[in-house]
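After this come two complexes, each holding chain A, first together with chain B and then together with chain C.
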Partner chain A sequence: MGSPDVGAELILRPEGEIKLETSGVNLFYDGFQALREVSVAVPARRITALIGPSGCGKSSFLRCLNRMNDLIDGARVVGDVLLDGNSIYDRATDVAELRKRVGMVFQAPNPFPMSIYDNVAYGPRLHGTRGREKLDEIVESSLRGAALWDEVKDGLRKSALDLSGGQQQRLSIARVLAVEPEVLLMDEPCSALDPTATFRIEELMLELMERYTIVIVTHNMYQASRVSQYTGFFLLGELIEYGVTTQIFENPKDRRTDDYVRGRFG
Partner chain B sequence: MRTGAQRAWEWLIERLIQVAGALAVVFVLLIFVFLVRDALPIFRETTVGELVGGKTWLPTADPPKFGLLPLILGSLYVTLGALVISIPLGVACATFISEVAPRWMRETLKPAVEMLATIPSVIFGFLGLLLVGPWLADRLGLPVGLFAALGSLMLAFMAMPMIVSVSEDAIRSVPRALRENSLALGATRWQTIRRVVLPAARSGIVAAVLLGLGRAIGETMTVLMVTGNAAVIPQGLEGFLRPVRTMTATIAAEMGETAYHTPHYHALFAIGLLLFIITFVTNTIADAVTRRGGRMGR
Partner chain C sequence: MRRTRQAFDEQLEELERRLVEMGRFVESMLERAVRALVEQDVGLARRVIADDDTADEMDLDIEQHCMRLLALQQPMSRDLRTIGTVMKVIADVERIGDYSVDIARTAIKLADEEYSKPLEDIPRMAEIVRQMLRQALEALVAHDLDQVTKVVERDDAVDRLWYKILEDVERLMQERSEVVPQAAALLLVARYLERVADHTVNIAERVAYMETGRLETLAPSHGTDYQPEGEAGKDRDREERE
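What follows is the complex of A and B.
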């Protein structure tokens, strides 16, 4: 493990507006410590990639950012996460409201067993949007935003379960866009997809970057280098190095980062 | 290497298992045949229409009257009443156990609810007869402490374990990812349960209710003890607070005092056959619903 004073130099603080910031986040599952003192600042309207070998804590870390870990029995977070400078672990935080602002796309697409339309309208309906026209509008713009509109516009009433895997994943993205989040957390969103579908999702992310702050966890280092502007490398629950993506991949400061991005392990 | 003796042994075991499997079906068929054989002669005395639609059950009068309507309606009242109580309670209980209760409570509650199923029905009859009936009659100002709704209440407790257990399995088998997706969209826990979890578990819950229905309509001892056993046609909602007699209770109460192969005897078998058909149909539907649910669930 790197000593803390050395570690501090390896963690860049991006310039410009900071959307999300964690300070000394530790995550425990019962007795097991999954994250150690993770402190990182995520810039607004940029794509930040989190990389690292399996079990390094990158997905667990992502789930700290919208408090999805609350759902796991025995999970406990020590430390703090600030969204626009306000603690999301504060007692007064409305967790449902937080998750509306910080949306999440999961590894495997999981459409609800209902129509395509109802899947996308699910979030807006939850948050009180009524009225046919308004919902129609949101469904169309969200499906367009997720580059799925043209493929499904003639069958919005069909079951979402009949879509292909890649379409389902774009539907998951449309569903999140429909609630107009500020931050988009993506947990290996392409790991179950073929290269064509992956390419479409990556294109989509670059478009979405104009309006959303995106944090993506990925196994695929090429994906991280293609889409992200900032990259963080996790190993054994620690954030080893964090910086501009080109620097992390071309000129990493820590030897372990170097080994990983050169494919020596993981 | 397999010796001849080993092969013979294998063959024997396989056949034994086959026979055991076939026996279950054979028994059901035999019971059906037996019921039909002893029920059919009643139609020498009466017609299907008169039997099922007849308003008076007086099998020992002269001439006897074999109208099953009061008994069918009696069973219907008691069973529907039981379902009205046990479905909301059972589904709510299953939802609580699977979605809300912390781990330790879930691990205590489910076995406790299933334990309810092991209480002999006569105990429920006992409780209803001596405790709940008089107490309720006193509160509601009823002349007697034996009435349809009391049977419903007792049956509801007996159908609950089935409904809770089967629905809880269905609710729990809804993929965790669906819940997470809903919550991640900013849904509250209750919104997630109502809009995603329960609809996804719908087929399992319907099956649970049908199994509970089968349990309630076939139950004998409890209703015999607590419903007053008056073979009158229940009228309106008021009928719930009056004594009724169910099909099952009629068979249990009268079979012992009936001479073999008299019309009365055959009439009781006709009731048995009707019950058999009702439970067979509900179970078949429950089975079909579960299978369909299994196919659609991914």
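What follows is the complex of A and C.
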């Protein structure tokens, strides 16, 4: 009857190199438990999508991956997150260095009120890069990496605030790329963009996948199915199912995943 | 969200309803084509041939409905498998309609001849094949994997009958050269029926996919190695292999 396989392995462990791995991650905001025992392995140089209804914990989980939850008062993480096998919650971890290695792109484009050039050079300068030539090089390669160079190369001194929404989001990506990260966390990166700009970001993600490990949180299941190779479904703070994207959307094992991808929640 | 989901469910049910309607129509074409052959009824055979246009229209109509649902609903999981299944199944059902037309044409060709021996195996084979078609479509609507298994099992009986007819006809042709044209025509009818059975197995396999999400061949022996020489069978077999 097509009912999900009872007792089937719901959390897949991807083959090949694992970039990030969480084990039994629980997240508490004061008295509220936002995540429960999330254990998952994120493969290197692949796109992993996290889906689920609002409030399911997917964005909270994303923020655990580069300790962004540290910035929230009352947030407490129990469990561990390993980056290349090393705990990011270890006392010895340099959090600034961690966030350089694991960069984040947010839902709304957030250009700084300065020039396009200075936006991109901001991170490298902060991390101590000096010298005009070196910065020029970083700015160009980051803007090229974010597929924005051709559109802005003749106006690098113009204000970033004059760019379109889609361009601003690509600028946000360029800014992350400028500090040479290994992992890109993307929290609903296209939710403020029109379909054309969304398409450009999706194309860009597929290009970036060759060099970076990408984890994207999206409300848009079709986006998850278009761009990702692995998908995790969250519900009420739990990772219900994690597997190859085609399997999650064609033949999910858990009834709750099936209900969600078929639009039966609500 | 609940209301749009309900509307989508209703459209999926409508899709299955139309498919069953098409299946019944084609099943009737097959039954009438074989009856026209047995009873040498030219009028009945002509009506079967004329009905093919209706079957083709049903095929296109359902395909359009599927395309619309794919475009507007962007289905996932079981819904996606259902629509994909229906799109594949209508092609099989439509092809069964074509074979019915081939049989009806043979009925017209042989209408004025006296049969060299009474037709027994062909109607028997046709009856099994017709039941297989009905069962495959019932399995689809009832989400019934047991029926899928029964369809696949019955294919063996059809294959056995096909080989028996093949041997009988070969013997007859060797013994009585004057019956060769008629025997060759009837052999093709048996071949069409054997192919129809294979299409019903295709349908059964798709139903299994729809239910389980696993795409696999359920009848490894499905199809025969025998390739008829000349006429429609040859081209069609080639077409189907591609």
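Basically, the second predicted complex is superposed on the first by the 257 of 266 C-alpha atoms of A that agree within 3 Å, B and C clash if a C-alpha of one lies under 4 Å from a C-alpha of the other, contacts with A are read in each partner's own complex, and residues count from 1 in each chain.
The rule is short, and it goes like this: contacts are C-beta pairs under 8 Å (C-beta built on N, C-alpha and C of every residue); 3 or more make two chains touch, one makes a residue touch a chain.
Being a predicted model, the structure only gives us computed values, none of them experimental.
When both complexes are superposed on chain A, chain B and chain C sit side by side without a clash. Judged by the touch definition given at the top, the superposed model places A:S141 against neither chain B nor chain C.
When both complexes are overlaid on chain A, the residue A:S39 reaches neither chain B nor chain C.
Using the contact criterion defined above for the overlaid structures, shared-chain residue A:Y222 touches chain C, although it does not reach chain B. Once chain A of one complex is fitted onto chain A of the other, the partner contacts of A:K100 are limited to chain B, with no touch recorded for chain C. Contact with neither chain B nor chain C is seen for A:S191 once the two complexes are overlaid on the shared chain. Looking at the shared chain after the overlay, A:M68 reaches chain B, while chain C stays out of its contact range.
Looking at the shared chain after the overlay, A:N26 reaches neither chain B nor chain C. After overlaying the two complexes on the shared chain, residue contacts for A:G123 are found with chain B alone; chain C is out of touch. More residues of chain A are in touch with B than with the other of chain B and chain C. Following the chain A superposition, chain B and chain C show a smallest Cα-Cα distance of 32 angstrom. For chain C in complex with chain A, the residues that touch the partner chain are 1-2, 4-5, 8, 74-81, 143, 145, 210-214. Residues 1-2, 221-222, 225, 249-252, 258, 261-266 of chain A touch chain C in their complex.
On chain A, the positions that touch chain B within their shared complex are 66, 68, 71, 73, 96-101, 103-104, 106, 108, 110, 112-114, 122-123, 126-127, 161, 172, 175-176, 179. Chain B makes touch with chain A in their complex at residues 102-103, 175, 177-188, 191, 195-196, 199-200, 296-298.
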